[in-house]
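Presented sequentially are two complexes of chain A, the first with chain B as partner and the second with chain C.
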Partner chain A sequence: MTLTALTDQPVHSRGQSFWRAVELAGCYLLGALWVLPLFYAVWMAFHAAEYEVRFDLFAPLTLGNFVDAWNAAPFARYFLNTFVLITVILASQFVICTLAAYAFARYEFRGKTIVFMLVLLQLMIMPEVLLVENYRTMVKLGVIDTVLAMGLPYMASAFGIFLLRQAFLTVPKELDDAARVEGAGPLGILLKVYVPLSRPIYVAYGLVSVSYHWNNLLWPLVVTNSVSTRPLTVGLQVFASPDQGVQWSIISAAALMTSAPLLIGFLLFQRQFVQSFMRAGIK
Partner chain B sequence: MTGAKNQITAWLLLLPAVVLLAAFTHVPAVMTFINSFYSTPRGTRPAKFKGVDQYANMLADPVFLAALKNNAIYAIGTVPAAIGLSLLMALIVNSSIRGKSLLRMSFFLPTVLPMIAVANIWLFFYTPGYGLIDRVLAPFGFAETNWLGDPSTALGSLMVLAVWKEAGFFMIFYLAALQQISPSLSEAASLEGASRWYFFRRVTFPLLMPTTLFVLINAIINSFRLIDHVIVLTRGGPDNASTLLLYYIYQTGFRFWDTGYAAALTMVLLALLAALAFIQFGVLDRKVHYK
Partner chain C sequence: MSGIEIKNLHKRWATFDAVRDVSFTVAPGTLTVLLGPSGCGKSTTLRLIAGLDAATSGQILIGGRDVTTAPPARRGLAMVFQNYALFPHLSVAENILFGLKVRRVPAAERTRRLRKAADILGLGALLERKPSQLSGGQQQRVALGRAIVAEAPICLMDEPLSNLDAQLRHEMRKEIRSIQQSLNMTMVYVTHDQIEAMSLADQVILMRGGSIEQKAAPVDLYLKPATSFAARFIGTPPMNLIALANGKGGAIVKGSQGPALVEGSGDGLLLGLRPEEIRIEREGIVPATIRSIEYHGADSILECAVGDQLLLVRVEGIRRHTVGDTVRLGWLPEAMHIFDEAQSQRVERKVLVRQAEPALRVAT
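Moving on, here comes the complex of A and B:
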């Protein structure tokens, strides 16, 4: 079998190299096709409206669309709102999920398995699925149209608890015991031993969480109704509604602008992004 | 660690997470169930017990049936396409092809962008006559198409966007799994003269099975959970041709303010997700070993 494989090769080599070339072309075509929509958006955003469907390599570049978009809606405020929202969510997630993950990783208590299953349920039933009932809760709490309303349902995340628990389980028990002997309490051990050893997981979870909440639309759309709380996604949705009759080039500029921080971050730290998503995905 | 003191410590550590999860997942799920048996309170008129009336109405509601059918088509159409493409992408990026980091970037980029932003860009692509798609097709003799305004193409247009947006995300999981496969396997196979297709079919694909199942479940959940593009592109139209279940819940709850009916609709979605959860935790996890 080995022999035929070896002797077969030269005979087929011309045909093989042809198909290899076709295959390579297919791969690059797929890559080009995938990035095309984004390139097109960049083209529209940086050219005057008359070049929306006219291609001219020497068409004059302009930042006018960005200026127009920026002036047409309170994007500065939206950026601030998104920034505050993400900071609040991420900080709470880190604290709340770390505590819970530690309990699941290192403590034995009654009902542990059932509680863990109940936590994992949130992986399936995400807060936006229950938006009608959650909206009612926010009305009762009197927090409609606040950062708190947008953030509360996401602060305890099953995904985060699960991810950190897996990380904590790999921490050697001896380190835990040693810290205990030195008189450290549960919180001290957590902060001195577990958190520092799980730093890559925090980075991974942080990146995944930031890109999720930067992009989240439905729940913020439901619980906000004013410029002073709306995040970027909702702001863009209000700005680009078809009945507003805004030019495509300006919409493209606004769309790129709202994605810019994530986009630039991704282009600069591509490896970290991809690795983070990988780390978060392997269970 | 056991003992009463440790029990207390454990519960104190869990407290914030348990309270928040219960408040925004478990309690609302139960409340949705209860509310689905009541009419919607209007003004001073309180909610009245209606038994299974809401569910009976649902079966006679053509929009609900359309949403359910559309969602089934949407899932059956997008899930296998996204999984197939993501696997292909991962194989490409994991090979020795030149420029693979550029390819990886190109595949992954849509994942990082907000759906609302890309949907607005695609809204332009789908513009009849003027948009990119019609411009590209025109030289080949295609007539102007109202992609989003025609009931026969509206849902398909949403599906194409969804596949484009999601495939790169799932690629990451396959890529991670492919990197766990020992290179000595492919060396041995090529020494034995196995074709690449044979090797993929008999070795790579079976080894990727746990990943495929994981991605499958997540892709199905996403097909019920993500409606940002529906809001931007079609708003469920024309004539409910592209409405999805969650979009209809959103409309019922926040456009028509019929919260009782929205609760019953949510129960259908919860039942579907519960069935998925059962399949994942009950059936698949027993057969597939995660690390």
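Moving on, here comes the complex of A and C:
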């Protein structure tokens, strides 16, 4: 975005074009810094262990690291766990946030402003701060080491409620009125008018949520302790712990493998995602 | 078929009375227009009838049934909104059938009604399009289609034509009237456009500041305005309202030398005369000076001074008048409307102006 915006501007003077070149170089530098570790990981994953610290353009490629990684830990199970976790969280978030946002956007009730302020307050609290307190709650609920425990703290997402409320507020009141005259009830209006009209927001929010929970490590690490619940991130962490001996090429292969579905998904639907983000106003 | 009866309807928004003590009835199968300047409470009244807002007090009966607290869906009505309120994510056909699907009307019946509405409105070729792919006039038709397929006895419309250009507005106006009559709908139609009101309505309800100023058939509204506001609101250019004063033998135009136009005192009274009813005649009633001339094509509007009052006169084509000419203005006795300036109410006074026909003049 920045780049295209810059090139669109007419160049007026030598000084300006100099600064533009500096900016451009800065952009490339930052981009390179960002992408270098990824390149390094890809390099390591596809080469034998002896090329870890030796760069040779014609080093033989191998898929051995992937096979080793796959066999070294129950990654199939971890994939399933992550998939279940993400599905449960996303589904609950959509349901809970949609209903809450609808109430905040279109209903008048006592204490509405205060309740909404409380929701916004939640936006400003780092989840890590509540780690211990959340753990105690989960213990009391008796759900430690379950998918529910991993998902519960995130289901009523303040961000989701806020985002959807803003989206619902932009739906013309006239459409709501028309649907009411046509005989639709409150839930019917929500599902037939508000939700379809906010689809880009759902896509954008879904993407943020999926990538966040796909990568989330700390909380699942705290509340899980068995193979049958551990998501990929925790599994990878366990796998990479020093007591097994650090084999960077295998770890790289495993890391690449676990992030591949997200990466491929994003590349495939890149255009739709970017459009959704533009329309949702998140950048 | 059902009519509508509104009794002492009142709507208060926080500290502001948007609708005050409004009562009227709409006979089954007729079209009533709620007319008035912007902000006078027309839309609020319509939304109360629809059930989209709750009345503060008063009663609404539809088909003899008290629906004051019933939800919109239970009132047996369809509504067309100012901005059409089409669902942007649905096709034209889905938009039209939205309500029927919600009400679980069988598919065969839905198809029949869709075809009928599409025929009436000429929408056949557009059914698969999205609203954003339609022109304003076509969107308006889809909104009408949705009201038609509901086959509700009552149809409410809130300024349905205000977003269309003049040409299209005229066509749609005729179309709405013919649909209303052929389907025998009971219709309440909101507009701020007096020409639309006059050409459509069986009954016009003129509102101002939340209350009813006058309810009458269009003809009566034009011929016998109940207040000076009603007099000014109907007609283009609006009716002249000139101040009267006490004079010899009756009330005279303020600042003039007479003659007496109505019996009794003139102070505090207004004389209403429509520009199109005033003629320039050699034997006219009052002398006047032409102040300006505005040429409109088929007619011209002259601004004339009588005494210290100004009034507009509509004459056909361009006459041989020039600014500064002194002429005499005449009119028929029935063309005179007298209003109390303070109360703005119409008052009946004996008119002293006689028919200015030469034959009569010779006989006397």
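Throughout what follows, the second predicted complex is superposed on the first by the 236 of 283 C-alpha atoms of A that agree within 3 Å, B and C clash if a C-alpha of one lies under 4 Å from a C-alpha of the other, contacts with A are read in each partner's own complex, and residues count from 1 in each chain.
To be clear about the criterion, a contact is a pair of C-beta atoms (placed from the backbone, for glycine too) under 8 Å apart; a residue touches a chain by one contact, two chains touch by 3 or more.
Predicted, not measured: the structure shown is a model, and the values here were computed from it.
S.K.: Spot which of chain B and chain C makes contact with more residues of chain A, would you?
M.R.: Partner with more touched residues of chain A: B.
S.K.: Looking at the overlay, does A:P196 come into contact with chain B only (first), chain C only (second), both, or neither?
M.R.: Only chain C; A:P196 stays clear of chain B.
S.K.: In the superposed arrangement, does A:L57 touch chain B (first), chain C (second), both or neither?
M.R.: Neither partner.
S.K.: A:I114 in the overlay: touching chain B, chain C, both, or neither? Say first, second, both or neither.
M.R.: Touch status of A:I114: no partner.
S.K.: Considering only touches as defined above, state whether A:S252 meets chain B (first), chain C (second), both or neither.
M.R.: first
S.K.: Of the partners chain B and chain C, which touch A:P186 in the superposed model: first, second, both, neither?
M.R.: In the superposition, A:P186 contacts chain B only.
S.K.: For A:A76 in the superposed arrangement: first (chain B), second (chain C), both or neither?
M.R.: Neither partner.
S.K.: After superposition on the shared chain, which partner residues are touched by A:P172: those of chain B (first), chain C (second), both, or neither?
M.R.: second
S.K.: Within their complex, state which residues of chain A touch chain C.
M.R.: Touching chain C: residues 172, 174-175, 177-184, 188, 192-193, 196-197, 199 of chain A.
S.K.: For chain A, which residues are in contact with chain B within the complex?
M.R.: 1-2, 4-6, 8, 24, 27-28, 30-32, 34-35, 37-38, 40-41, 44, 52-53, 95-97, 99-100, 102-104, 106-110, 112, 115, 117-122, 124-137, 152-153, 155-156, 158, 161, 186, 211, 214-215, 217-218, 221-222, 232-233, 236-237, 240, 242, 248, 251-252, 254-256, 258-259, 262-263, 266-267, 270, 273-274, 277-278, 281-283
S.K.: Mind listing the chain C positions that touch chain A in their complex?
M.R.: 47, 50, 52, 71-73, 77-79, 81-83, 85, 87-89, 98-99, 102-103, 146, 150
S.K.: So in the complex, the part of chain B that touches chain A is made up of which residues?
M.R.: Touching chain A: residues 1-2, 6-7, 9-11, 13-14, 16-21, 23-26, 28-29, 31-32, 35, 88-89, 92, 97, 99, 101-118, 120-125, 127, 130, 132, 135, 164, 168-169, 172-173, 175-177, 191-193, 214, 221, 224-225, 227-228, 231-232, 246, 249-250, 253-254, 259, 262-263, 266, 269-270, 273-274, 276-277, 280-281, 290-291 of chain B.
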